[in-house]
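This structure is in structure tokens; I'll ask about it shortly.
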Amino acid sequence: MFLNSPMQADFNQEDQGLHEECGVFGVYSQDGALDPAYSCYNALLAIQHRGQESCGIAVNNNGLISYHKDMGLVSEVFRPRMLESLKGQIGIGHVRYSNEKDNVRENAQPLMMRYVKGALALSYNGTLTNAHELKHELQRRGSIFQTTMDPEIISYLIARERRKTPSIEEAVLQVMPQLRGAYSMLIMSPQKLIAVRDPHGFRPLCIGKVEQSYVVASESCALDAVGADFVRDIEPGEVVVFDRNGLRSLKADTKVQKSSCIFEYIYFARTDSVIDGVSVYAARKESGRLLARQHPVEADMVIGVPESGIDAAIGFSEESGIPYEKGIVKNGYIGRTFIKPTQSERERSVRIKLNALSHAVKGKRVVLLDDSIVRGTTSARIVKMLKDAGAAEVHLRISSPPFLWPCYYGTDIPSRDNLVACKHTIEEIAGITGADSLGFLELDSLKDIIHSDGTGFCDACFSGNYPAEIPEHLLTGQSDRYCQPLEHL
Amino acid sequence: MFLNSPMQADFNQEDQGLHEECGVFGVYSQDGALDPAYSCYNALLAIQHRGQESCGIAVNNNGLISYHKDMGLVSEVFRPRMLESLKGQIGIGHVRYSNEKDNVRENAQPLMMRYVKGALALSYNGTLTNAHELKHELQRRGSIFQTTMDPEIISYLIARERRKTPSIEEAVLQVMPQLRGAYSMLIMSPQKLIAVRDPHGFRPLCIGKVEQSYVVASESCALDAVGADFVRDIEPGEVVVFDRNGLRSLKADTKVQKSSCIFEYIYFARTDSVIDGVSVYAARKESGRLLARQHPVEADMVIGVPESGIDAAIGFSEESGIPYEKGIVKNGYIGRTFIKPTQSERERSVRIKLNALSHAVKGKRVVLLDDSIVRGTTSARIVKMLKDAGAAEVHLRISSPPFLWPCYYGTDIPSRDNLVACKHTIEEIAGITGADSLGFLELDSLKDIIHSDGTGFCDACFSGNYPAEIPEHLLTGQSDRYCQPLEHL
Amino acid sequence: MFLNSPMQADFNQEDQGLHEECGVFGVYSQDGALDPAYSCYNALLAIQHRGQESCGIAVNNNGLISYHKDMGLVSEVFRPRMLESLKGQIGIGHVRYSNEKDNVRENAQPLMMRYVKGALALSYNGTLTNAHELKHELQRRGSIFQTTMDPEIISYLIARERRKTPSIEEAVLQVMPQLRGAYSMLIMSPQKLIAVRDPHGFRPLCIGKVEQSYVVASESCALDAVGADFVRDIEPGEVVVFDRNGLRSLKADTKVQKSSCIFEYIYFARTDSVIDGVSVYAARKESGRLLARQHPVEADMVIGVPESGIDAAIGFSEESGIPYEKGIVKNGYIGRTFIKPTQSERERSVRIKLNALSHAVKGKRVVLLDDSIVRGTTSARIVKMLKDAGAAEVHLRISSPPFLWPCYYGTDIPSRDNLVACKHTIEEIAGITGADSLGFLELDSLKDIIHSDGTGFCDACFSGNYPAEIPEHLLTGQSDRYCQPLEHL
Amino acid sequence: MFLNSPMQADFNQEDQGLHEECGVFGVYSQDGALDPAYSCYNALLAIQHRGQESCGIAVNNNGLISYHKDMGLVSEVFRPRMLESLKGQIGIGHVRYSNEKDNVRENAQPLMMRYVKGALALSYNGTLTNAHELKHELQRRGSIFQTTMDPEIISYLIARERRKTPSIEEAVLQVMPQLRGAYSMLIMSPQKLIAVRDPHGFRPLCIGKVEQSYVVASESCALDAVGADFVRDIEPGEVVVFDRNGLRSLKADTKVQKSSCIFEYIYFARTDSVIDGVSVYAARKESGRLLARQHPVEADMVIGVPESGIDAAIGFSEESGIPYEKGIVKNGYIGRTFIKPTQSERERSVRIKLNALSHAVKGKRVVLLDDSIVRGTTSARIVKMLKDAGAAEVHLRISSPPFLWPCYYGTDIPSRDNLVACKHTIEEIAGITGADSLGFLELDSLKDIIHSDGTGFCDACFSGNYPAEIPEHLLTGQSDRYCQPLEHL
């Protein structure tokens, strides 16, 4: 209705999902139970969903650090001879998501650098809210920057503090109070592996173990991939050092409330991961169950938008007693290089990435579970596809509250101008999407899906309740970009 | 127990699934409603599951035929400039599966050839059981062969018959009685598109329509991908000609019983396809329902091995009332180039391609649905993974009968020596897989999943009841190979 | 003057040189003195100047033939692992030149084929003048064609004759009388290597030996590259068979006069090759000496257009006593993928591929030796470049007579419309090129540069005196093309 | 004799030539007479001989800097769309040579960096002798290093000085006194192009002009490639600023004697370049003439080892009256990826890269001109090749004095242990090479080939007379390496 052609808007904005920055993985294997390079490879495959733009692996090697990194998927970047060549006892890996402007080879991680005490490699997941101020101050003192990544800033701060401290971990502890925002990171020297989670614990980070070898990962599914047993989550503000003496835990001197990202459960994380003691799959099923109670509807079947919507649909089905069905199939062969249809082909090519199971939905009243609504255009496409496939009714249930606020801690949410919930009532959104009814998860219920007392997590994108400061320069729109490599031409 | 180390056998035999040869797609668009190249591209993405080794697209072009084909996935082989350059009104595409020995660039299709009447392109899905005899006879008359593909043989036969017939379709009709075995194929001349399905109708082939433009596809999901409406399946023994006069149906002079491959429903086809009037999804759900009746069990949850096992699990859950859960997650980022773990890493890397949802299955009695058991090693790995993840019991239910016989019509089944069901009782197989109980779908029930009266389909791999002759040379082991290109080094 | 802007015409017609089709190399090494794959690799590098579009190597391998071939230079197509994998006692290789329309992967050689008696590989250099008739006749009998290469035709003829003859070499002898035109080719079966030179001996072919191993090559410089000693040239109409009994010579039953291509000496061959007993370098120097006598001029220095012009310049200098100098430098880094300047950049970029040595030529009267004039535009560019660099006078001397006739035996000469000598007097050509004087080698002198009595060579492109029939279809412009692969997009 | 198998030593040390680091090119085109990207492309092709490992181009772009750089040749790294995308008025380019350990993508130039005043790009040719000390001091102050390149050090120094100076060029002038060693470099900001040549003027750098646009290049042959007129060489210690006000010359406050590298004339530079007023071709011919006087010999012909040996041979021929001939042919198709022969193939493959013109040298007394002798093994191979080809005598004449000392200013000379002249008399070297006589250019004659009074150039590698300090750490063998990327696996 008031959105003239949602299908076209959708195509112009093809990749409109919500994204987070990166996944990290580290190994410390003194007993040789794990090969660092092969372990990183398998683990990065397991967390590839956290970033598909670039990836890399670094291992220690007789006092030096050997590495390989490049643009592309893990399966594209690494070949057998590389893994064979990357020999060592310690290793870190990285998969990177990036928005378009930073999607360049220079930003591939691990970041490799040499400072006064030797070589370091850094793998980083997060967003500093005071990056601009820190960078400006460093430049004022004569620093130069060759990338646009936060870990380059952190490297300078570590290099500066390291001159005054007896160890790299001490330097890290001195640096942490200077940092604002979200960061889960791994630092590797030729002798040590250091894992750091920011005081708010925005991004996940957990420890696993195989015999006497340790691994650290953004998500526990990576532990499974290397055959490691889950040990524990790293705590907000904690610094864990792995060296020849085993594992040591240090704590940064910060007094902030834990506020881990609730959206990890709703969308980012893999369904088989467990974060801070809560199963992602269980949280998603619970959101479906809550929706069945909050927004019940008479229907013939419950279906989910792959992948996260499926988990919520199973929960909704269990709670409501309406049978769960597979109603939408996702094509796993649509790669990063998908050739978009021309204008004249667009209308016909709605069923390429997702296809409705016409046989199943025809003539049926369908409850459709999805994880979120951003612009509304994707939901509109899916509802239309189901109705074209013969669905009698489509009742849309969203396993999160409406998006209302930008995220300053790493989630790539569009500006408020583009958030459909900022400009429209829920009823209007139902109209825009074409759904026969629409229900969002209530804001208050977020705590229930992770069995929280209402504290310990960040829901700012829904509530506007920011647990950490908002960066000044983001409000004023200043940029730190300086150069524009030509990649992929 | 008697299989010493099933895990290792599994890794030595990494790709042990059952495979079929190829998918085809064609367009005839006189009214310009479809762009042949873009349509082929989107359709081939939709049937990419039928073959990932090579792919190609050919379009007519002012009396000539333009094409591009190569080794690799559709998303790897085609770039925007190619699609732009492939202009025409008619197009055919192909995705190819091949066993190792034929996995060479020369065998990529469509096959392009010139004969006395001009140029032809062929896309082919099938296996001739008398290929060896036909080839030998052709060579005896002076023919040379540059590939190891059946369509090269068919091209010669068409070229020979075409000299005596007034049209290409007449020549095809003359050739069909000479062919034995399975073939669904598309033949494109600069003026016509001809679709052919063998008299047994082993492989699927269906027609769709967009305005006045026609498409033909191996599976109906490809019709959805180009926005076409389903018209009908091509009948066994039917030759459909698309030209400026529209669509014309001819019938080969053969009197054989239809015997379409039952395994298309069980495994090959995409769940959202409808073949010969039967929904693949419905057939799979029905097999799950039947299993629940034939092999009931007390349990806490039903889960499926992705992807086809999930559909059967939903059916089993519905019939049994045991809740459906997601118990296994499949990693979609494991590509064709996955680097296998070294011997020392193998034991630990069982949870890379598939991972158990430990949180869900821990302490639970699980019914596990899978589509088939070949060697038994994959099933053993999955059962072990679930038990390692804490499952209290694992009851394996297979949505097909035991594999006992080789397939001569295109399915790449290992020799009887490697089929676990040829050497072991069901009880023994349960032991080999480690399952607490094991149930196969009864042979008699196959007809029920496709609502048949017991005729019209081929179940030879389960029953040994071959609807068409068995090729002599396959029994004697002669080979037509002659040269060995070095690819991928 | 009358050609308004020769510089622009030149750029529109960037690649305007004269070309020949292909180079071949073969090894028969029963004693293992040579590794077939490595020998082919080194030899193909040595004859790469004969063709840069595609290349390939095939070796025998336990009754089969293994091969690798692709578009690109030898250094681009082969990697160490390939050479290691290509194990055998017999091998043939190929480098291919092609004009634009046939520049496709399918045409890469060796051609691999299987016929009634087993597998064959063919490497071919030549042009059949009756290809069209042969192809048409074969198609009429039911043959299909998958390439546009002559060796595919020859393969059919061999396959047909082989049914009636006791050996492959007997079949070749039966085929030869059916062929018209130029062909030097190598045929490899898993047991034999057969070398064939057409009765006119248009293209060169010679034999070398290392211990008890034999090699055959288009040019003797390839013998040097593998450390082989020159044995002898293969005679026109000769068929040489290499098998376990050593070397055997057969002779086709044809009675034609030898007429080897004179242009091999002037342009095609590498200066260090010796063809039919005559050194290419010596022939070029002699042409320079003759020019010094036929078109003497007062000047300060003699320079040559790299590469063949340099040899002639040395001869001119010796005969005239005018000092030889390096006056033009060629940039060896301009590859096949050179990015052409935009229209606005063209005038300035004349000195990229060739540069004048300003310091040497400034103020000097220069004699400039080049091998030929086709359109005149390249000569005009070079003369202008020298004058811009300060040359006081430029006297152009061409080491061949004016091009007046098309070549039907493999040399890619433009149509008469584009041959400057067909439309202009020598005086006018001098004006077009901007040279202060111009002299061509006299037609009568051709025999002198190869010390001939005036017979035994073909100079049809200069004289119009064709030693073999002119193909009918070339005059009428019919084409055998049928499909258009999209490469390099 | 005492060197048991020089051929083998040679192959183990395949790439034993002398190398220099890099070539630079810059454009400032306010009037648009030159397109910066296309000009850089053509110019880099012209100076590709100065470095083949990596290359890059950066252009200014609305206050930012756009760039592309990668490992590989200019013809491999750049594609048309890139040049089209690199739009601006200012541009700099770089081709890089590197010894094995630094041959990594991170070191590709131009170096891109952002500092307090904005963005800079640097292209650099040289070697700082105090790099180690500068780096150590910068690290002590908290700097981090991401490459192993000198320009990263210089960037820090500029960033530090720039805080106290009103302009980038002032900062450069403050930095220069801190630098020791050789450096010719270009610095580009979004507004300016700055060219700097070190006070000794070790490496060349010259200015050209097209209409109102300026270019700067390592060698004048790059000026020819873009159609620019030579303006002048940049003087040692000079800083030239190109901005909207035109060209401005500043002078660093250093008082050292000019000492440009004599080896540029002997080996590095392209023969058509003119450096500091002296033609490279003329210098080489002069060295040949001097050798003819210093080491006369009776012979039948003079030949040269391509390329630089040819120029000297022409000079030797002129002076001695012995005819110049082409005696050795170089294969231009041997690329960077040449597959080396196996041990068993080595002896036979001596004539791959270079081949003797047997026909010309057979039975002749040959004077062979080459530019230098390092280990002696290459010379031994060439002499042996000529004798194998039938040369009666080979008299080796070297157009430089014996190498006796390491170079600290950029030339990649092996350690003294590997320099044959450090351990053997000239007579012994003649024996090692197999030459019938051997003559080196006299040390005193170096001044004559560039018409110098004996000052103004550096001949330390021959004389041990170092014009600038020798770096301490090079003597002690400390390394700045820290990480080892895996490239090219």
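Note that the chains take the letters A, B, C and D in the order they are written out, and that residue 1 is the start of every chain.
By definition in this document, a contact is a pair of C-beta atoms (placed from the backbone, for glycine too) under 8 Å apart; a residue touches a chain by one contact, two chains touch by 3 or more.
Predicted, not measured: the structure shown is a model, and the values here were computed from it.
Enquirer: In contact with chain C and with chain D at once: which chains are those? Just list them.
Expert: Common contact partners of chain C and chain D, which must touch each of the two, are absent.
Enquirer: Could you work out how far the Cα centre of chain A sits from that of chain D, in whole Å?
Expert: Each chain's C-alpha centroid was found; their separation is 48 Å.
Enquirer: Which whole number of Å gives the spacing of the CA centres of chain A and chain C?
Expert: 59
Enquirer: Which integer distance in Å separates the CA centroid of chain A from that of chain B?
Expert: Result: the chain centres lie 36 Å from each other.
Enquirer: So which bits of chain B are touching at least two other chains?
Expert: Residues 79 of chain B touch two or more partner chains.
Enquirer: Line, ring, star, complete or other: which one describes how these chains touch?
Expert: Topology of the interface graph: a ring, with each chain touching two neighbours.
Enquirer: Going by the touch rule stated at the top, which chains touch which?
Expert: A-B, A-D, B-C, C-D
Enquirer: Report the residues of chain B in contact with chain A in the complex, numbered from low to high.
Expert: 34-35, 38-39, 41-42, 45-46, 48-49, 73-76, 78-80, 83, 210, 221, 224-228, 270-272, 274, 279, 281-282, 310-311, 314, 317-318, 323-326, 329, 331-339, 341-342, 344-345, 347-352, 355-360
Enquirer: Which residues of chain A touch chain D in their complex?
Expert: Chain A residues touching chain D: 58, 61, 64-69, 79, 81-82, 85-86, 105-106, 111-116, 118-119, 121, 136, 139-146, 152, 155-156, 159-160, 163, 480-487, 489.
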